Amino acid sequence: MKRAAPDADSGKQAMALLRLDGVSVHFRLRGRGRGGGVVRAVDNVDLTIDEGEVLGIVGESGCGKTTLGRVIVGLQSPTAGNVVVRGEKRPLRQRPGANARRDGFQMVYQDAAGSLNPWKRIGWSIAEPLRNEGMRKPAMRERVLELLDQVGLPDSLIDQYPGELSGGQQQRAAIARALAGRPRLIVLDEAVSSLDMSTQAQVLNLLKDLAERHPVNYVFISHDIAAVDFMSDRVAVMYLGKIVELEDAHDRKSPLVHPYSITLRSAVPVPDPVVERRRNRIVLTGPVASATDLPSGCRFHTRCPIAQPLCADAEPELASTSETSRVACHFAGEFDDRYAAARAGTTGGSG
Amino acid sequence: MILFAARRLAEAVAVLFVLTFLIYVIGTIVPGDIAQQMAGIEGATPERMAEMRARLGLDRPLMVRYGEWLGNAVRGDFGHSLFTERDIAADVRQQFPVSLEVAFASVLLAVVIGIPLGVYAAVHTGTIVDRILRGISLVFFSVPTFVSGVLFVWLGSIILKSYYTSFYVPFTEDPIANLRSIMLPCLAIALPTSASIIQMTRTTMIASLQEPFIDTARVKGARESRVRYIHALRASLGPVVTLIGLLFGALVGGLIIVEQIFNLPGLGRGVLLAIAERDFPYVITATLVIASVYIVVNFIVDLLYPILDPRQREQT
Amino acid sequence: MNAPAARGALDGNAAENRETPRIRDARLWHQLRAVAKHPSGRFGLLLIAPVLILAIAGPLVIDWDPIKINPSDTLQGPSARHWFGTDQLGRDLAARVVSAIPVVIWVPLGAVLLAVTGGSAIGILAGYRRGWLERVLMAGTDVLLAMPGLLTAILIVGVFGGGSRNMILAIGVIYLPRFTRIARGSTLEVRGLPYVDAARLSGTKPLALVMRHILPGISSPLFVMCVLSLSTGLLVQTALSFLGFGFEPPTADLGRMLANSVDFLTLAPWMAISPALVITLLILAFNNLGDAVRDVMDPEVARAAGTV
């Protein structure tokens, strides 16, 4: 799927479709509770998206991946840091979506039913970006029919209301609307998670096809690492507002090495019963730490199967550990040994 | 809980403060040149007008006058009536107890009528009595106070002649005569109020009778009457109390109307008279007194709610 | 706006509640039919019918001039000549009642329209913009709510004078806060929905966003509140008239007619009966219609309703 050849580091920055520089989104909790904490939904994230690639963002619910997606499209202003689109800095405080048409960024949401106005016909909703561009009615209808065809929906749906469609159809319609303005980038926020399995596969394949036919980039956000693997050229793993692992090169064969990434991947069932039975699943213990009351040191140390005393004190940087990925872990690349040791320890202790 | 009360109190005080300003401005600016009206009575030469303005303090800026008025008001001095030249605070002190008594008696009457009937209807849902009660309360709810008031004036002057006293007698002078003089006005206010209370009691009571804790009480061996009238009723009182708080606005309206119809010397009739006479210092004072009571009642209702319904406590 | 948009706006008035977005069944016509079939709705229409017939057919049938004084006919009881009797000045009560009906319908209607327009605008602005603007607007709403409704109306009409326009203004002002609250609450609910975000990303400007995406989503509770407010609006209007703040005499005015009758109750009780009956019938009718509309369209709104 990669179109542009990888550039040298300096050239790459200038060419980048989107660059996030130290982006943070901190929500202040107002209200009755004592004090009023700060939710660090996204905390000091650096990220670059090049033309023609699909970036996957994976993480548990509440890790800030949706907020990150909203920052990318401009629905949410970062509380710190910069968003640079094609070399141009986005104004800091602005009306949500004010930049949308200039950037050509769109978003597809998890809630398929909620992403179409229930009081408007499907055709009306899909045509919304076109109408805002001032397109004339006949041309608009033509284009809407073309879009319906592209996402595999029958023409007849144009005059129907969202409530009359199935979840899969609603999501296809939402995709059609996202495509209508010929966007440069679409953030797919858990776009298939609410659909049933067979529909998920269909929609994922549709998205892949569309990306091959159009010059569009995706940011594919999901809690489902298998879907992220399927869709993405490279993967970013988020935990509590931070990116803990980021693949640099566009090599999907490379394994992820952060303990959190490894546990995520180990949760995916393998479609071979023999392997599946012998497989070693790493089950995380302990609750997800709260984004208002972050753990000291490495944010993952409260649940990490290989946590060491150092992890509670010092926060690891997102550093290059291999040719293919950057990892924020003090013990990156030592997981297998340390995990085996830790398991031996606990079994011995309890045993 | 205390934090919640303190916050609500601060809010209430802030609202009252803004209200004083609004009412002061409306009562001073909008009615036009009071000096001209006053002087007009005695012949409006420019000298007289200037003298009038100086006497009324109208030659100074509004904010200064408001500040001065507020300062005096806090000390209980609300100035003198433009019309009768009497001390407004003294007048209000006389009228306020009358309105308060009628209001209190009306609410009491409405509660005494409304809650038992509502409970009865809830326990006997679907029976003929329930249906008749619903029909009656629907009608009573829709009969305006001034219509039932006129009806009661007529009843009082024809049928209840020997029971009804048509002029107000203070309770301290003669309790029996006092009750006779306020019984019909109170009934006029209580009818629509009790209709709402019947409906609300019935609805919440039916809901709470179906809740799991009622079954728990039954299983634990509580007598059915105890289950109904202690457990279920208590749980349904919260919304009823809130309703009474909400109805207080309508109650004030009802008071103004019955005081007018039955010639009761209360605040409501005082306001009506003062508006007719364009006696705005009085109007401002009486309005503020009424608004303060209204705010205090809402404050109390907010505090009572979690006390009556323990389920609400965690949320506050 | 193009054709589907215009159609959509129409549907918006009949907005279905959010759980079942099957819009085809939610058109205004279907909902009105459901209201007419609802027992309370049917009862309300049944009560309103004779009053409307009286208001429409009355002027054609009754020959008497509502404001003409007939010294020879004072305080006559109901008869074939004077259906509802006459007052102390010999004016025909039937003619007076009939001529006073339109205003008790138009004034509450005008007041509710004023309140729903102003209240929605303020509430949507508060819910959409948030921040200090929201706090200021909602504080203003709280201040207005801290005054008993009828007292506020009396102050306004007492200061500015009576008549239709000022009564509409007075009642509209006391009903403003409830619409503001509903509009703000619903806006807060709707503004976070993905389709509103999607519209933002499609380049829809704020005003269009509100008109196309937020207003249809909140119109259902607002409409229910409108119907519920009609009966209390009528109540406040007739109360103002009763207290002498309505229309200048000799214009026939139901509230004032009832107030005048108090001095003649033992002599001529019929002076009270016809205005009292018309007022009560209309309030009862509007209350029943309001219940039916609420049941059909939005059962939740009752909690926000409150009273006068």
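Note that the chains take the letters A, B and C in the order they are written out, and that residue 1 is the start of every chain.
Definition applied: a contact is a pair of C-beta atoms (placed from the backbone, for glycine too) under 8 Å apart; a residue touches a chain by one contact, two chains touch by 3 or more.
Everything numeric in this text was worked out from a predicted model, so none of it was measured.
Interface comparison, B-C versus A-C: the higher count of C-beta contacts falls to B-C.
At the centre of the protein atoms shown, by the Cα-centroid criterion, sits C.
As a whole-number value, the distance joining the C-alpha centres of chain A and chain B reads 58 Å.
Put simply, the C-alpha centre of chain B and that of chain C have 23 angstrom between them. Each chain gets one centre point, the mean of its Cα atoms, and the points for chain A and chain C are 51 Å apart. Chain A contributes residues 70, 73-75, 95-97, 100-101, 105-107, 109, 111, 113-121, 123-125, 128-129, 131-133, 137, 159, 161-164, 174, 177-178, 180-181 to its touches with chain C in the complex. Listed in rising order, the residues of chain C touching chain B in the complex are 139, 142-143, 146-151, 154-155, 158-160, 231, 235-236, 238-239, 242-244, 255, 258-259, 261-262, 265-266, 269, 272, 276, 279-280, 283-284, 287-288, 306-308.
Contact residues of chain C toward chain A in the complex are 2, 4-5, 7-8, 11-12, 15-16, 18, 20-24, 193-195, 197-206, 212-213, 216-217.
By the touch criterion stated above, chain B contacts chain C in their complex at residues 11, 14-16, 18-19, 22-23, 26-27, 30-31, 138-139, 141-147, 150-151, 153-154, 157-158, 196, 246-253, 256-257, 260-261, 271-272, 275-276, 283, 287, 290-291, 294-295, 298.
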